[in-house]
Structures are given as structure tokens and as C-alpha cells.
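There are two complexes below, and they share subunit A, which is joined by subunit B in the first and by subunit C in the second.
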Partner chain A sequence: MNNNVTSLPVKSRFRPENATHFFDLFDHNEYADQLRAQGLPTNLLERFKFSNLAQALKKASLTASDPQIHLSDMRFCAENNVVFDVAHNEPSLWTVARALRGGDVHLTFPKNTKLDQAIYLNWADHVGTMQNLRVKIKVESGCDIIFVEKTAARGNGWKNQSIEIDVAANARLIHIRLLDDDVASSLHTSVIGAVLARDARYECLTVNVGSSWSRHEYHMKLQGENGFAGLYGLNLLKGSQFSDSTILIEHQAPHCQSSQFFRNLIDDSAQGVFQGKIHVHQIAQQTDGYQLCNNLLLSPQAVMNVKPELEIYADDVKCSHGTTTGALDETPLFYLRSRGIPERDARRLLIESFVGEVLDKINHDPSRTEADALIAHWLS
Partner chain B sequence: MAPDIETIEKVQGLAKYDAGFVTDIEMDKAPKGLSEDIVRFISAKKNEPEWMLDYRLKAYRHWLTMPEPDWAKLKIKPIDYNDSYYYAAPKSMADKPQSLDDVDPKLLETYAKLGIPLKERALLAGVAVDVVFDSVSVATTFKEKLKEVGVIFCSISEAIQEHPELIKKYLGSVVPYTDNKHACLNAAVFTDGSFVYIPPNVRCPMELSTYFRINELNTGQFERTLIVADHHSYVSYLEGCTAPMRDENQLHAAVVELVALDHAEIKYSTVQNWYPGDEEGRGGIYNFVTKRALCAGVHSHVSWTQVETGSAITWKYPSCILKGDHSVGEFYSVAITNGRQQADTGTKMIHMGRNTRSRIISKGISAGRSDNTYRGLVKILAGAEGARNFTQCDSLLIGDQCGAHTVPYIESRNNTAKLEHEATTSKISEDQLFYCQQRGLSEEAAVALIVNGFCKDVLQHLPMEFAVEAQKLVAISLEGSVG
Partner chain C sequence: MIDIQNLSVEIDGKQILDGLNLTIPDGEVHAIMGPNGAGKSTLSYVLAGREDYVVTGGDILLNGSSILEKSPEERAAAGIFLAFQYPVEIPGVQMTNFLKTSVNAIRKQRGENELEALDFLKLMKSRQKELGIADEMLKRPVNVGFSGGEKKRNEILQMALLEPTFAVLDETDSGLDIDALKIVADGVNSLRAPNRSFLVITHYQRLLDYIVPDVVHILAKGKIVKSGDASLALELESKGYADFVEAA
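What follows is the complex of A and B.
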């Protein structure tokens, strides 16, 4: 059983800029050496151009602790060795997750496992601590799994997370993330790396209404023919929240499909970032790649930075991306009001439909109910 | 299977670059290499006033401290700045020809061969031309006629002598020498280029044009263009360029600055056909160009149209700073890469004023083993109430050895701004190809036709004479990319 965390000595104040304390947290492995050598990612890096992690961490004064997690179904905990490799030539959150001590959750779903119920991972309290969690999910062929992650911690803290996913041939994994950490002072960083085999499907929906500062990276590798990766995201930000969704989809086999659909709703002086990249390798003929990012700025101080990228080396492909940024369209608003709906309600209706289209991408009723509740709360 | 004659001919056809000849002409050159002495030498050759030399020296000293820009998706062999000549002028130019009749016939012949009308044909074409041969401007046509309406159109060296007040005011005001390494080098060693001033309320009666030609071996060309359109004026400006085929890479680092005052409109069109190098990627021009327009006045309008078919490496981002309220910036681009060419090109639209609008249409076509990147920035500053941007960038891939990339940055700081971006990547559809071939077109002709259709949105913004040339260029550039 490896889901329970190896005991981690609680360290004194965790301040990344204070190197000595930071280094105390290091695990003894190659990643630790790397992190020591490279340091944390800064916004001088192209990939971190819009997110200033160092500045966000400056305000955090944290001790390290074990991740406080609860898993709804322990039957599938089994040591596995999902290996998701990324180039380590520059500082990354991936390295941070490896290099620092933390907890591990390993899940292995044997061939043809089909579950009626979703598996829930609740990552609860983090008050005053930095928690590092490494999740590995191995989905063997023919499985059909729904995995739901939830966070709802209050108070300050930093959650850092790596999720390695291996979806074998003809298997399907639906991954839902409902993130509702404290908006005032908590940080959440995550890196999801998934490898998809032939005919595999991986779909991930992230609904984020929490964290004062968050960055979620997704790195998909479509390695078998006819694989499908669907990434959907909804960020609802207000106050001075910051959230960054950074995506890299690598098409490494022919006949694969990928779809990205992200919507950001930004109020007050919050800031949103979307960086999406479809990389089609030369072998990946007949790729169908799609990316859409719509952003609504609800206040004059709201900021949105978008960088949708395509990098294509195969000629027989269909790739497209689209992005829009602007305020709520006045025309439908006028239409609704002309039908006697008060402005406040009309706005709400339009916003609900704007976010609803993303939620519709995944069909899982219990999560939908919870997501709707999170959104209703955000709107109220 | 042994290659048949047709195949062999086709392969030979690849090296077809009509402008690749060399003109044998006596040249006056500066010593090889780059140093403060060379900067002084150039300045002295041009008989420049003290303030100009100071500007150049300041730029040169700053250049030494600047890093090479390395963010573009380009593989550039390190450039040896000391292995090149920074000044080369035809000897016959030493005692300034007074009129076209005095110009060395060899030079005229060169331009005639390139199809550039300098003498009698110029009248028919109705285009005023400034021609720059290596480091100097050899002739400017229609000067007198333009003078009648108050338009100043001359080489920049002449402008420094005769209109120092305008040069002092505007040179470096849009692209400061501290901008980037290539622009900085240009500020230090620029040798010639064109200067245009359109006085208030004047609609320039003819198209203005500059034709750049690199001829000498191992010579870099550093020209500088400055166009100022005073309030309520209009000008359309064309730029063309070619170079001989050589095995070495030659550096071309130009700076173009446009200033549009209240209600002024500048239309700037480029057909860039520098030598692209051979099939193996030997030789060709490094085209590192900084082009920027300042829409300083209200309701000013700048439109960039470019057709990029040449150069081994293109690094070029014609941009607009939309400062005046209601100003408009447009960017229409076709970039074609074949062989082992690399292009990293796009635009920047910086919205500062209220109700500013910008429109970006970019078409990238990659064939052979080339890489073609669109890189663009749309930035809405907090004060840009009601700004509007529409961006469309489409890429077409021909063959499976090439790459097409899109890297747009969209940064919005104002919620009343509306931004749209869309991009697609595809290949020529088999259906279209089949249809054309079934009507009797060869595969190559069919591809040329389809690609021209793909570029139509951009080509239609070119002035007529250029549009015809560009269409032909599109076909030639793609030769050998199919079959």
C-alpha cells in the first residue's frame, strides 16, 4: 500500500527564496540535484512568461507537511511504474514534484475494469503547509474509469502535484477536477502527463474556482493510432486571483484526435492565462487537432493573456485554433432585457450558458451537480 | 528506376532564380570588418554632419553590448560580423551623376534585366523609383515632378544633408537603436535607403518605390527607410529586392520607420525576393529586418502588405503602434518557404489609443524541407477603450518534410476590447487538385493556381504591378515542391 505517505519530517519555515530551508526538503534523487542546479521556474522562461511563481511564493510562508488525502476506493492501490518523461533542460514544476519529498498515490486498474462509481481523491486541508503529491494512474486495456479529484482547503498553503497517467489500448479514463481551495492565500500547481496507446481515450475537465494563484500544466502524448485526448477547462476568477492553463499536446501517431476547450471568466482584477500548443510530429498524418479558448472579461481591470500555438511537421492534417477575448456581448443582453428579464438575471443567464457549454463536454451527473453548485456560489 | 529527362530538368529547374546574376562593375569598398573606424569611414564617405556620426557611434557602442536575439524558431549559424564588407559603392557613383543619363549604363542594364523601369519605361509605368545598389542609392526618378506638390522623395543620405531638421526629428523615433541587435547594427552602419515626406493635405500623385539590390560578394546591406506622412496625406510605397546567387550567406539588416500623423494613410508593400540559397541550404540572404509604424495621429492608418518568397532566413515583424485614437493598423502577409528556407515572420499590433482597430491576415506556405512560423503579438493596453482586433493565420503544407508553426500572443488589459484569433493548418485538398488536373492542368500549375487562391486575401491588397509579379513569384517559389 503506497497511497499513504512516507513520513515526512516537518520542516521549519518553507521559504523558497531562502535556499537553505528549501533544500532541506529535497529527496535524495537525480531530480533533487536538478532542482538544486536549476532552481524554480521564473518568468524569464518562455513557458512561464505570464506566471510569476517566485513572486506568488514570496507571500507564502509555509512549513512542509504530508499531503492530507483521502481516497474513496482503496482496492486499486498497487505499486506501478508509469513513466512519463519530459525534457529536463530547464526548470519545471515536474522537477519540483519529483525533487521534493511528498506523498505518492499509485493506482492500477487491471484489464477490463469497469466501475459504476467514480473514484474520488479528496485533497483536504493544507493550512500553512507546502504539500507535494505524486499520483500515478495506470489504466490497463479495456478499462472504463472515472477519477474525480477535489480540493476545498481553507487558509494558506501550497499544493504541488504531478499526475502521471498511462491509458492502455482501448481504455478510457475520465478525469474530473473540482478545485475550490481558499481564494485568498492558497497556491496550487499541477502537472498532468498522460501517455495514450492505440484507441485510448483520456478526457480531463478542470473546474477551477479556487486558489489565489494556480497553474495547471497538461502534457499529452498520443502514441498509438486513433487515440483521443480531450482537455476541457473552466476558470472562474475574481478578486486578485491568478490562473494559468498551459497545454502541450503531442501527436506522435497517425489518425489521432485532440480537442481543447477552455473558457475563462475573469472579474475584478483577476488575471487569466491560456497557453495551448498542438505539436504534430511528422509521423502523425491524418491528425485532427482542435483548440478553442473563449474569455470573458467582466471588469475593466481584468487581464487575459492568450498564446495558442501550433507546431506542425505533417502535411496531411487538420489543425485549427480559435480564441476570443472581450466583454459580455451587449446584443443578447439587450434581447433578454427587451423580453422583460432584469439585467442582473440576464447577465447571469448568459454567463451560465457560457460556462455550461464546457461542463457539457463530460457526462458525469454527480460531478455536474457539484460543479453547478460551485459556479452558482461563484456567481452569487 | 532511372530518372527520366523530365525529372532531371525539373531538378535543374530548382536552381532557377531569375535575379541570380552578378553585375561586373568596379566597386569602391570599405575594408572588411566592423569597428568604430568603419563607422567613421561610412559617415565620412557620406560627408555626414557631426550629430549623425555621434548617433552612429552611440549605436555601435551599444551594439557591442547587445545579445543576439535567439527567441525565434530559427537555426542560425553564428554570424561573423567581421567577415563582411559594410560599404560597397559602384566607382562610377563617386562623382554623383546629375541625371539618369549620367548613370553608369551597366547599372541601368542591371535594373532593366530585373524589370525595373528607370528611364523611358518609367514614364509608362508611372512609378517613381529610388534604386539602391549595395550601399548607395544610384538614382531616384520623378524627383522634380514630386517636388511640385511638395513631396520629398530622395535617398536618406541626401535627406541628411538637405533636410536635417526632419531627420533629426524622426530618425530613430519609431525604432530606437536600442531596440534589438539587428536594428542597432543598422543604426551604426546604415549606408543608404529612402526618405519620404508627404506634406499636409497631399495625396502623393504616384506610387513611390525603392528597389534594393545586393551585388557584391561578402557585402552586407544595411538600408534605412523613413516615411513621414503629415496630416491628411496619403502615400503608397513599394519595396522590392534581389541578390545574386552565392554560396556564402549575406546579411541584410534593414530598418523601416513609418510615421503617420492625424488622418494620414501609409500603404507599404514589399515583395521580398532575396536569393534563398540552393537546395542544400547553401548560401542565401539572412533577412533580419525591423519594420515598425507609429500611428501617431488620430484616424491615422498604416497598412503593411508583404510577400516573402526569398531569403535563406527571414526574421521580420512589421508592426504598428496604434497610439492615436481611432487609428487603424493592417498586416497582410504571404510567406512562402521552399528548399531549406526558414521564415519566422509576423506582426505586432500595440493598441494604445481608444477605438483603435487592427487586422492581421497571414498566409504561410511551406514546401520542401522548410520551416515557416507565424509569430504575432496583439497587445491591448488599459487605455485602449473599444479596441478591436481580428487575426487570421492560415498555413498550408506541401510535402511531409516541412513544418508550419503558429505562435500568436494575445494580451488584453481592457475588457471593452474585442479580440478574435483563428488559425488553421491544412494541405492542398486532393479534390481540388484532381479537379484542376482533370481539366488539363499539370500538377504544378494546379498547385500554383490553388496556392494563389489561398493567398488571394493578401495579394489583392498589393498595388496592381506588384500583384502580377507576386502571383508569378508564388508559382516560381513553389517549383519543384510537388511530384
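What follows is the complex of A and C.
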């Protein structure tokens, strides 16, 4: 892995220093002041019902460091003014990302940019550090971009990131995240906010097998007609891992579609959370909102918390949600075994098909190969 | 030879089979008929080794040795095959991959070489053609989106690929149109061999015009209550089960 940071357009550099207190990781700005006053998110907040960030960070003794990242293609590193608008009236990951010391990466894709190759952002080492990465992506009209994020750090650390995305009319962004940080002692928090214009398409596939504690938030705003937001997620958790996927999709224009498809595979005493909300504003007639969350518990101690929510103010909409949580179904298992397939192989085949259906949502062969490898390793 | 001796079976604490006796010598085709809920599918599951059915008494012998301790996959390797009454949909597992995995799993357990992709495809194509199964069906996930009749044909395709020595067909004729019924019956008849036996579960005498049984049994209240030749099926068709169930 290449940790070439010097050539990166990372702003607001700072020297790593010992942080004896959590607030030493903060910058001096209004958001830091706010968090000092509000405190970190805890499960007293509805949106953090199942995850307590303050608690998760209690034991972490970290120093702040520049994000150690590498970009495969530097041509599009150009400053932009993308800002994902959110309220800061209660503590959120947005406030955290803006308050923490960190680095900024801006990617700007000019009109009609179509790339044959995906752009990769590798974010590796973080040993003993807190790294905060703020990304802003501006995708101008007519673009067709694939953006792949990869993390594979060993050792303890905390990665925090915010990704602000603007997808202009008739542009398409595919965003793939392959997350494989150390499962023993690393934290990962991220918040993605995307604004979609007319006929824009944003699809995000997160494959997470890493981190001891993670929370990934997604906030979509469909602001032009005929936009499509697809969020797909796969969490493979074991040991005492914890991972929370929290989603808010706001339909703010008519004729848009959104689709959420998440699957969690949970072993040992690991815990997963899925909170997905579709908010259809009054103007958003003919919305088509879909949500499905399936969870497979591989051990009696495995825990999954699911909270689907619909908030609908328009009258002509089609919204559906479904969720299932349980052990591997015995009937297909018996069917496969009755055809001579040994139990171990039959289980594996069923698990691979369970995760495969999420991976099938995005068509990008190199990422598929890597995701398959992560999954094969997890299963072995 | 399959020898079922005094078999009693429970599920969730409810007794379904109650001292059932049935012997099927090599090379023979036996049919079982019986009212809904009599325990026909239960018998088929127990033969295939489904674990939630608890054998509380009796034994099942395949060529003289008990199979009760064997797992479903071991029974499959030993030559037992069940065509399910309700074939199971498995989203995400593609048909061809499933068939190849299955054929090779059995070959492996038997100590035979696994088939290379090309050899397997050749084998599959030839069986598929005989049974009138479209290529398109084999690109789909196992049984997903298949019509009732397609699912049943798919069971027979699996049987033809695995070449079992003892096959149980649980209502394979239900949901089949006349043409499909003939195709399925031909599939079974072409596999008839001196070292192979069949147990055909059905509600309809019609199937037995195509697959002519050596013996017909009536299963009611968890037991075989009457056995006879093919004419017993005709008798049932006209009289119904009442007399036989009463007598039991």
C-alpha cells in the first residue's frame, strides 16, 4: 500500500501530538465549541439509539494525525464549494467531522467526464491515531464516475470521515467502499451526504468486514425529478464487532426512486444495527421508495437491531420496506444436503448466495473480485 | 433393496408414522397412495434424512445396513434420491453451479474423480434435452421463478444426473400437464434397471398408467394398511379411501 501523502492536496495540516484528552483532537472552530457544549453523540439521541459513540471512544487513547491516504488519479483534485447542509442543533457525525482536526480532499469532475477506470482512494495506516478525512465530491452534469474507497489498516486507531457529494443533472456516480480495518481495536465512523439533481444517479455499495466498532451514516437528498439513489450494504461481523448503518433518504422532488438493500451476516457475539428512514416530502409525488434489510445470525449470541421508518407527506407514492432476521433456513440446507452436498459446503453456498445478491447490485468487476476475496477470507 | 421395519416417527412431539413396514426389492417400482396428511411426505423426508423428524422406533435398511445414523449427504452418496413434493427455491445459487456441485460432491464421496466443467456440461446438456428443459432455466437461481411444472421437471433432471439406486418421487405428477407427465414418466422409465428401485407417491391413478408399478400400497394413519397390484389403484380411484382407513 502506498502512503504517499506529501503530494496530496490536504489542507490544514498539523503536527501529531499526544492527546491526553479527547478534546485535544479538536480543531479551534465553532463546531468544536458546539461539541464541547453538547458532548459527543450518545444513545440518548434517537438517531444513536443503538450506538453510543461517546462510550466507544472512552477507552481510545489516540493522537491526531493527517489522514494517510493515497489517490490513484490526481487529475480531479480541484477545490469545490460542495456543502451538505445539515442542522447542528444536536451532536452528529457532521459536527464531529467538522470539529475534529483533519485533512480535506476535494474532487471535481467537469462536465461529461467519463472514466474507463475507477478512481481509488486507499486509506491504510492509522496505528495509534485519530484520522479525520473530509471529502467533497462534485460531479458535474453528464459525468459517469466510479469511486472506490479502500481501508485495510492493522492496529488500533479511529477513522472518521465525512463525504459531501453533489451529483448534477444526468450524472452518475458509483461509490464502492471496501472496509477491512483491524477488527480487534479500530473504530470507523463515516457520514455521507449526497444531493442529487434531476436525472442524477448515485449508488453506494459498502462492504464492511472490518473495525471493532463502526457506524456509517448515509443521508440522501433527491432534489430533482427522476433521480435515483441506491444504497447497498453488507456487514460481515464476528467476535465482538459492532456496526451500525443509519440511513435517511429525503425525497424532495417528484418522480424519484430510492432503493436500500442491506444484509448483515453476524457471528459470535457481534452486533449489527440497521436504521433506515424514507422521508417523502409533500412535493415528492410519485416517489418510489424501497427498503429491504435481511440479517443472518450465525450464533445464538449474535444480535441485530433493525428500525425501519417511513415518513410520508405526499399522497401518490409507492413505498415498501421489509426486514428479516434469523438463522440459516433449514429447508434449503436440507435440499442441498439431500443432493449430496456436505453440510459445511451447503452452508457456505447459502451464505455466499446471501451476500452475493447484494454484491450483484453493482457491476464493477475489479471491486467484485476484491469483495469476493474479503468474503472468502471472512468465511474461512 | 430398501427395507423399512416397524418405523415410528415424530415431529414436534406429534406421532406421524406408527410402525410402518415396507420392503422394496431391487428393480421394482412401488407406489404409495393415501389421504392428505397420512404421512407420505414424512416417510420421504425420513428416508432422505431430514433431521427435524425424530425416529422413535424401527429401522431403515439399505442393502442390509441401517441408514438411520447417516447424514442426508451420506445417504445421497449411498444412492438415495428424493424428488421433493415442494422443490425448494434457493435465491442466489445458480442452477448449473448447483447441479455441478451436487454431482461432484457425490462423486467425491464415492471416491470417484470430479467432473471437469466441460464434461459436466456435456452430461447436463444430454439429460436436459431428454427432459425438454430450456437453457434459460439453467441460468436462473435454483427453482426461483420456476412454474410448478418446471420445478417438477427440474427434480427429474437432478435425478437423471445423480443416477440414484433408490429414488422417492413425492407427488412429482402434481401440477404437470399431460405432455410433461409423459416426459417425466419417460425419464423415470428410462432409469428403470435391475439394480434400481423407485417409490412413487401419488394421488392419481393416471401416473401409474405411465409408470407401471409392481406393487401399490395404501398409507393411512401412519401405516401401510393395504398392498396389492396395480389394480388396487383403480379400485381406490372408484371407491375412495374410506373403507381402507376404517379397516386400519
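Operating definition for what follows: the second predicted complex is superposed on the first by the 359 of 380 C-alpha atoms of A that agree within 3 Å, B and C clash if a C-alpha of one lies under 4 Å from a C-alpha of the other, contacts with A are read in each partner's own complex, and residues count from 1 in each chain.
In this section, a contact is a pair of C-beta atoms (placed from the backbone, for glycine too) under 8 Å apart; a residue touches a chain by one contact, two chains touch by 3 or more.
Please read these numbers as outputs of a predicted model, since none were measured by experiment.
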item	value
First (subunit B), second (subunit C), both or neither touched by A:N305	first
Which superposed partner A:G322 touches (first subunit B, second subunit C, both, neither)	first
First, second, both or neither for A:A152, with subunit B first and subunit C second	neither
Partner chain in contact with A:L297 - subunit B first, subunit C second, else both or neither	first
Winner by number of subunit A residues touched, once subunit B and subunit C are compared	B
First (subunit B), second (subunit C), both or neither touched by A:V127	neither
Touched partner set for A:Y313, first subunit B, second subunit C, both or neither	first
First (subunit B), second (subunit C), both or neither touched by A:L40	neither
Partner chain in contact with A:E330 - subunit B first, subunit C second, else both or neither	second
First (subunit B), second (subunit C), both or neither touched by A:R339	second
Footprint overlap on subunit A, comparing subunit B with subunit C	none
Partner subunit C, residues of subunit A touching it in the complex	330-332, 334-343, 345-346, 349-350, 352-354, 356-357
Of all residues in subunit B, those that touch subunit A in their complex	71, 382, 395, 397-427
Interfacial residue positions of subunit A with respect to subunit B in the complex	46, 282, 285, 295, 297-300, 302-327
Subunit C residues within the subunit A interface of the complex	48-52, 71-73, 75-77, 81-82, 84, 87-93, 98, 101-103, 105-106, 109, 141, 158, 162
